[in-house]
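Structures given as structure tokens follow.
After this come two complexes, each holding chain A, first together with chain B and then together with chain C.
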Partner chain A sequence: MIAVKIRQEITAAISNATLYTKGKNLGQLRAAFDGMWMQICHSLFERRPTNRTMARKLLNDAMDLEHPKATRDLIQALHDALRSSEHTLFRKDYTDHSSSIENFILGELREIIRCLP
Partner chain B sequence: MPSIKSETITITLAAWNQYQQLVRNSADAVWKIRAAFYAVSSALLASGYASQTNFIYLTVPLAAILFLLLEGGHLRLQMQYIKKSLEIERTITDLLVDEKDPFLPMEGISTAISTPTLLEMFALFSPKRYLFWLPYLMIIATAMLLGIYDVHAAAA
Partner chain C sequence: MNLSSQFTVLIGSCARGTHEATSDLDIVRIGHHQEIARNWLPQAERALGPISFIDYEQEEFMRLHRQGSLFLHHIFQEGIVLGGPHDTWAELCDGFIVCDDFKDQIEEQRDLLLWICDPIAFENAELALLSHTFRILKNLSIFSLAQRRQYIFEKREALSAFLPGLRSDDVENLLAANMIFERNQPDESLQPNTLEQSNLSELIRRITNELNAVGVL
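Moving on to the complex of A and B:
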């Protein structure tokens, strides 16, 4: 469902979350995450939302419909990750938020990988 | 009859506008304090230079510390309102994307703010916030150097 390279990048982040909370690794993880939700949305709905907010709207609408359990779990996991990412992975304020990024990687991101076929 | 969602959005946007207004007022106050500090410190440095005593130079660091504390206090208020504004933006985004349980700010909608702490004050002196403290430091250093090297206008 997602490109091997993206999956490898995200799996590497889950294996060593602390390393991916800053600098170049964080930038790569952000790119991988963006690539991942786009590919999952395309695979599930044959649509490519243009940004994370539109993806959240699409997923919220999809949650009202009937889906097999595996798909429903994946939609829920992706929805939770996208919702949380704005305040963790993509947070832009001055404060150090390494711990919230680490929690995001080990929580929401790991859950998506678990739900992926 | 307006729907509950439409009413929620109206209330949320009104609160966001209010927070934005408070942030703007705070920013305005901060710039006025900064402008007053530049005017006062320039006047003191000029008087110190014109006179034959170092005492006036020594009043510059004192004035700088007073203005610094005043500006720092307003900045801390501004930061609290910015935080509240960001929380409301999160709620607005959740409403836009039809979240079933939109994020609600921890303290609801309230213009009340907590008493600024000393720790928050120290945080203003972090390297990233050099635009806040560097001008004060430079003017204090200038006054000290002028005083130490006894720099004054030549006596007529």
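Moving on to the complex of A and C:
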């Protein structure tokens, strides 16, 4: 459902979350996360939302529909991650928010990987 | 800086007077302890366009001041103080010396670019690839120019100055992808077929050729 390279990057972040809160690793994780949600949306709905806001709307609408449990769990996990990412992974302010990124990696991101086939 | 000082500074295209209809209003807040009151924001954005806030804790701002941060140089060069004591701001400007070595930042952006320039891994996520590529190229350009003591912060100008061989339609397409992806702009601004794998691979090839030509790769 998602590219091997993207999955590897996210799995590496989950294995060592502290390393992925700064610098190049954080940049790669941000790109991998954006690649991942776009590929999942395309795989599930054959749609390509153009940004995170549109993706959340698509997932929100999809949650009202009937899906097999595995798909429903993935939709929920992706929706939660997209909502949370704005305040963690993509937070703009210059304060140290390493711990919130770490929590995001070990919480929301890990859950998506768990839900992926 | 007085520990009670708070500043609100307008930066970006609006401060430079180069804004367009789609430009963000970029506001730096330093030492503010309160979150932005979100209830008035939609109304303000309807009147002024998208507003983007960049918050600094005072200690972090002073740490970056001592380090000679390039972004702070940018704020001091073009910023218009909207709130806060002007005399303290003038002292901060006068006491600031911009760092003269950005090799680490250049290397970081170059490595990031090498990692992301992979259209196959980003199949069905092409807009994300282009948007991140644009942001990385912009940062790489700004840091590389600063290494030569050229301080350009306007994105198109920085890209054109650092990568003069990059086609202007490529720059416009990358910028359009970033505006669609990060700023929710409508997607008509992107040239048709840009996201097709063959066109994307060609674009990435032109970017890497140009980076080779300027000695980055």
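By our rule, the second predicted complex is superposed on the first by the 117 of 117 C-alpha atoms of A that agree within 3 Å, B and C clash if a C-alpha of one lies under 4 Å from a C-alpha of the other, contacts with A are read in each partner's own complex, and residues count from 1 in each chain.
As a working rule, contacts are C-beta pairs under 8 Å (C-beta built on N, C-alpha and C of every residue); 3 or more make two chains touch, one makes a residue touch a chain.
Note that the coordinates shown come from a computational prediction; the quantities given were computed from them, not determined experimentally.
Colleague: Looking at the overlay on chain A, is there a clash between chain B and chain C, or do the two fit?
Modeller: clash
Colleague: In this superposition, which partner touches a larger number of chain A residues, chain B or chain C?
Modeller: C
Colleague: Is A:39 in contact with chain B, with chain C, with both, or with neither (first, second, both, neither)?
Modeller: Touch partner of A:39: chain C, not chain B.
Colleague: Contacts for A:23 in the overlay, against chain B (first) and chain C (second): which applies, first, second, both or neither?
Modeller: Once the two structures are laid over each other on A, A:23 reaches chain C alone.
Colleague: Touch test for A:87: chain B only (first), chain C only (second), both, or neither?
Modeller: After superposition on chain A, A:87 lies in contact with chain B alone.
Colleague: Go through the superposed model and pick first if A:6 touches only chain B, second if only chain C, both, or neither.
Modeller: second
Colleague: May I ask you to decide whether A:31 touches chain B, chain C, both, or neither, giving the answer as first, second, both or neither?
Modeller: second
Colleague: Which partner does A:56 contact after superposing on A: first (chain B), second (chain C), both, neither?
Modeller: first
Colleague: Per the contact definition in the header, classify A:48: touching chain B only (first), chain C only (second), both, or neither.
Modeller: second
Colleague: Report which listed segment of chain C has C-alpha atoms clashing with chain B; options: 2-10, 20-28, 110-118 or 146-154.
Modeller: Of the stretches 2-10, 20-28, 110-118 or 146-154 of chain C, only 2-10 runs into chain B after superposition.
Colleague: Looking at chain A, which of its residues have contacts with both chain B and chain C?
Modeller: 53, 93-94
Colleague: Where on chain B is chain A touching in the complex?
Modeller: 86, 90, 93-94, 96-100, 126, 128-129
Colleague: Any idea which chain A residues touch chain B in the complex?
Modeller: Residue positions touching the partner: 53, 56-57, 60-61, 83, 86-87, 93-94.
Colleague: Quick one: in the complex, what on chain C touches chain A?
Modeller: 52-57, 60-61, 64, 108, 111-112, 115-116, 118, 120-125, 127-129, 131-132, 136, 180-182, 184, 187
Colleague: Spell out the part of chain A that touches chain C in their complex, as residue ranges.
Modeller: Residues 3-6, 23-24, 27-28, 30-31, 34-36, 38-39, 42-43, 48, 50-51, 53-54, 92-96 of chain A touch chain C in their complex.
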